[in-house]
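In the two assemblies presented below, chain A is common to both, partnered first by chain B and then by chain C.
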Partner chain A sequence: QPVAVEVLDHLEQLALVDFRDTEGVERLRKAIQFADQLHEVNTDGVEPMDSVLEDRCLYLREDDVTEGNCANELLKNARKKVEEYFVAPPGNIPLPTLEERETFLQGS
Partner chain B sequence: GMRQLVWRFQVSSALKEGHVTPTELCQRCLALIKSTRFLNAYITVAEEAALKQAEESEKRYKRGQPLGVLDGIPIAVKDNFNTAGIETTCASNMLKGYISPYNATVVQKLLDQGAVLLGKTNLDEFAMGSGSTDGVFGPVRNPWSYSRQYKEKSVSKSHSEDEESNWVITGGSSGGSAAAVSSFTCFAALGSDTGGSTRNPAAHCGVVGLKPTYGLISRHGLIPLVNSMDVPGILTRCVDDAAVVLGSLAGHDPKDSTTIQDNFKPFELPSLPDVSKLSIGIPKEYHAPGLSSEILALWSKAADLFKNAGAKVIEVSLPHTRYSIVCYHVLCTAEVASNMARFDGLEYGHRSDMNKSTESMYAATRREGFNDVVRGRILSGNYFLLKQNYENYFIKAQRVRRLIANDFLKVFGGGVDILLTPTTLSDAVPYREFIKEDNRTRSAQDDILTQAANMAGLPAINVPTALSERGLPIGLQFIGRSFQEKQLLTVAKWFEKQVKFPMIQLEEVKRHNHDVFQHQKSASFS
Partner chain C sequence: LAPWVPVVGLEIHAQISSNSKLFSGSQVQFAAPPNSLVSFFDASLPGTLPVLNRRCVEAAVMTGLALNCSINKKSLFDRKHYFYADLPAGYQITQQRVPIAVNGSLSYSLCIDNKMSQMVTKTVRIKQIQLEQDSGKSLHDDTRSQTLVDLNRAGVGLMEVVMEPDMCCGEEAAAAVRELQLILQTLGSSQAVMAEGQLRVDANVSVHHPGEPYGVRTEVKNINSIRFLAKAVDYEIQRQIEELENGGTILNETRAFDSKLGCTVPMRDKEGKQDYRFMPEPNLPPLILYDAKSLPANMNHQQVVNIDWIHERLPDLPSVKRAKLVEQYGILPEHSFALLNEDGLTEFFENVVKQTQMKPKKVIGWILNVLLSYLKEHSLTVKESPISSLMMADLLNLLEKKEISSTAAKQVLAELWKGEEKTPLEIVKEKKLELIQDQKELEQICQAVIDGQENEVIMMALG
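Here is the complex of A and B:
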């Protein structure tokens, strides 16, 4: 069962990753088909498991500063920066719609 | 005592007694790395830093104050662990050129013990894969491809071209680490294990691969794939060495809140392990479709070994085994979708030139930085996490996860101490065959015997058992109870002594000085 173009478009926007070609879309379809086998299992009355350590208390340390002061170190890895700021392109501009952006899905 | 030194040369004592110096050892390993470059096991070799560390170690030995058994021992680390000042790429364009500003806790612990970090090993991109073939630096070659044992058995026409195309994969995703240990370039290596990524290549490369209990070893600095399943893995040439490395790594880390707070006591394994009082479980579902008859026979022989030693060997059932891979597929992609969201080009890693808007820059960066496999998992994961799918896929998978974990609880609760299973379905396949199927299909096939242990968070270990008809390693897997690594490793050591797995006869290495090799060939450093 093929996935609707609206859903594919939605996924590309959520993930900010593109399907690239028919292979990419087919990959998703196969992944869903594979995952559907889960529905064969009876899970009535079974609680979801987040972590194998669920019976233990998560460790919280004291809210004390133990390290830091490494802005220069961290900035070294950024491509675009100004003084101690990471520089980003303008925000609040939504990704172009399906018709307008360069996506393989346009042809669908 | 003395008998042990003669029978199994111990590099650590050799260092202590000055038979070899840390610098010599380091230089020889570096030379070996150079001469085995065709294996493509290493992405980065930190030659200068390693030699410096070796020099420091040497000073300590001269003063008679080595830091411990690991002082001066050359090690390698999978390239998804952060290493300060050394490039950490995860074999991806996304992190090419990324120089870690810090050491992962496990790396720091090894360095604090005086271990000499030779370099970063190759893997599948972002540890996604079971072949170590899908990284941007190319595939890793299994050292056994160049062994006399394999060459003797290949239907070879002795053309060098045929040799070229006959090489087999290491398995993955920690293939570089497995190959590095297998080819004697280091004495121990770190891998990671989310679905079998340490045990699978360990089996194919004929080395010991330990997956510790989830929560025992810190994940701080291990670039995450699936936070609820990832663990650092340990690869060594013998079980005793794995115990030593485990001893230096395990324990609570304040920087990783998923490490348990129990006090961990490093242990030494008994020199004469005894298995007669144990109950060994043989899960019938691990006789999976596609399991080679060779491995099935070895598995059976292994069970007999335990029986003959007086252990109770019984068949058990883990009924949800066959859903483990599907469950993993959903949970893994979902967590991956979340974990990969951090790669946007803004603070580190690759950044696209696209500048129109934040979102389009992120999209372009990720388009340029991730390979097909990674993108595929991100998109699948996001699909399963969509509002309309969340309950039916993600939550459903979490429920199935509990069923899988409960299967193990039931069996261990019923008196079984250790489970014995195969690690892989077959011996290593030739690269040209492996790439005929896509990554997801392969991973689904290859992880089938290893994945459930990650689902349940249990410790598991691959022990090299015998050579296949093609002259390639086959390993068997032991799965233990949570945090019972001592028992698990004791059984593994006993088994290792029984099977006496042959040493790899690497033709390339013959060129080296015989003395060099004497030390490096030692199965163990401890």
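Here is the complex of A and C:
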């Protein structure tokens, strides 16, 4: 069962992934098919597990100041900076529309 | 014309008052050099992991108990994904599935009229309280078409308090938030100062006709004070009513309140429905809280948050404090609200009462009508008052002993206000404001007046 173009477009917007070509999309379809095998298991009355850590103890830290004061180090990673601020574009740059993108989806 | 029923719900974010952040050990502080309070985790560098701050958990439990919530002994953390420059990880850690506290209530009071002579109590249901991370701050530089990002605030602990749409106007929303603010400040779980961004309120507003389903709601953001909250809500209610009466429709959108223009405007960057792709936070096990019954025997007590222990140590909430003031001093409920509403005023009042013979029921008038007006006129807090509680008490004693009149007392206050280190008694003597008690002296004065006004006296005698 192929994945709808609208869904692919939506995923590309949300996750900024690029399915690029038919091979990429096919890989996605196969991955979904593989995962769908989980539906063959009867899970009626079984509480879903969402973390293998569920039986672990969540460690609680004391409220002490132990980190920070490393602006210079952090800013070393920044391509552009102003004084001690990171610089970003004025707002989220919207992904080009479906028609404008150079992905496989063009022409679908 | 069919009546409209406005419906108002609130989402309130309160910054937790703690030394360090929710999941990292960097400091929580307002106004520090940019990016100086940022750890590697806060900057979302690869290989870093969240470690939960115990104090933040306690703050949320305290707040949940104060708001009559059920505390979830097991709560979970989730990731909420969206892209923005001040959210370096691309997601916020929050509690979407099972938050730490649910199903509470908050009681607040309103004056029926503007004169504060009749108060009515209302209740708003608290849907839930969840722990979550704050984001960093973006400073928009429109001239250079760029945004400057400061991550000092990124990762600071927040309690999101969700109030059900039980309110119907700006006044109710404002009163509810004010009461929540007082509760948080009393608990110490948040300093809740709106001006410093420690308390942020978003309002959800819709209108409908009675008996019909709820209307489409809009979300109103960028509200920076309790006063503006009331204005923003009332404006939005009016806007929606006008729009609908003109045959228009309401969009399910996010709007920003413009305090200068006093209106709400659509916000850019928020068009279209957001899909946050919630998923469990894989790096954090469930948060387990205990009570006296479920307390594990051999666990390190530093790792245990005991709900009952916290409950036993809750301070008197504002509503309890007010009731005690009314009972102890015989003042009216409205008076107790006014006392708690001003930082330090209750303490001042109680100190005056301790040091004066005047009955509290009379003292309260001087505190609320005279002292408080002076403070408000000069934009001073109680702490900054040039008149101390001792001076006030001395003055009221002179009044009580009938050594001065009420008018004279006000004159003395005006002098004391100048802060010249004179005592009330010294001012009274200086300005000769003493009441004359001696009968003979009074007779002499009256006679002198009559003697000086012979003609008028004859006229009066003739009728």
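Going forward, the second predicted complex is superposed on the first by the 100 of 108 C-alpha atoms of A that agree within 3 Å, B and C clash if a C-alpha of one lies under 4 Å from a C-alpha of the other, contacts with A are read in each partner's own complex, and residues count from 1 in each chain.
Note that in this section a residue touches a chain if its C-beta (ideal position, glycine included) is under 8 Å from a C-beta of that chain, and two chains touch if they have at least 3 such contacts.
Just so it is clear, the model here is predicted, and its values are computed rather than measured.
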Which of chain B and chain C A:Q1 touches, first, second, both or neither: neither
Partner chain(s) touched by A:E47 [first = chain B, second = chain C, both, neither]: first
Which of chain B and chain C A:Y85 touches, first, second, both or neither: second
First, second, both or neither for A:R56, with chain B first and chain C second: both
Partner chain in contact with A:L16 - chain B first, chain C second, else both or neither: both
Winner by number of chain A residues touched, once chain B and chain C are compared: B
Partner chain(s) touched by A:A71 [first = chain B, second = chain C, both, neither]: second
Contact residues common to both interfaces of chain A (with chain B and with chain C): 10, 14-16, 50-51, 53, 56, 58-61, 70, 74, 77, 86, 88-91
Chain C partner contacts - residues on chain A that touch it in the complex: 10, 14-16, 50-51, 53-71, 74-75, 77, 82-92
Partner chain B, residues of chain A touching it in the complex: 3, 7, 10-12, 14-20, 23-24, 27-28, 30-32, 34-35, 37-41, 43, 46-53, 56, 58-61, 70, 73-74, 76-80, 86, 88-91, 93-96, 101
Of chain C, residues touching chain A in the complex: 18-20, 24-27, 33-41, 43, 45, 51-57, 76, 81, 83-85, 138-142, 145-151, 268-269, 275, 277, 280, 282-288, 302-303, 305
Contacting residues of chain B [partner chain A, same complex]: 98-99, 101, 214-215, 228, 252, 254, 257-261, 320, 323, 326-327, 329-330, 333, 337, 344-349, 351, 354-363, 366-367, 370, 372, 375-376, 378-380, 382-384, 386, 392-393, 395-403, 405, 438, 440, 444, 456-457, 482
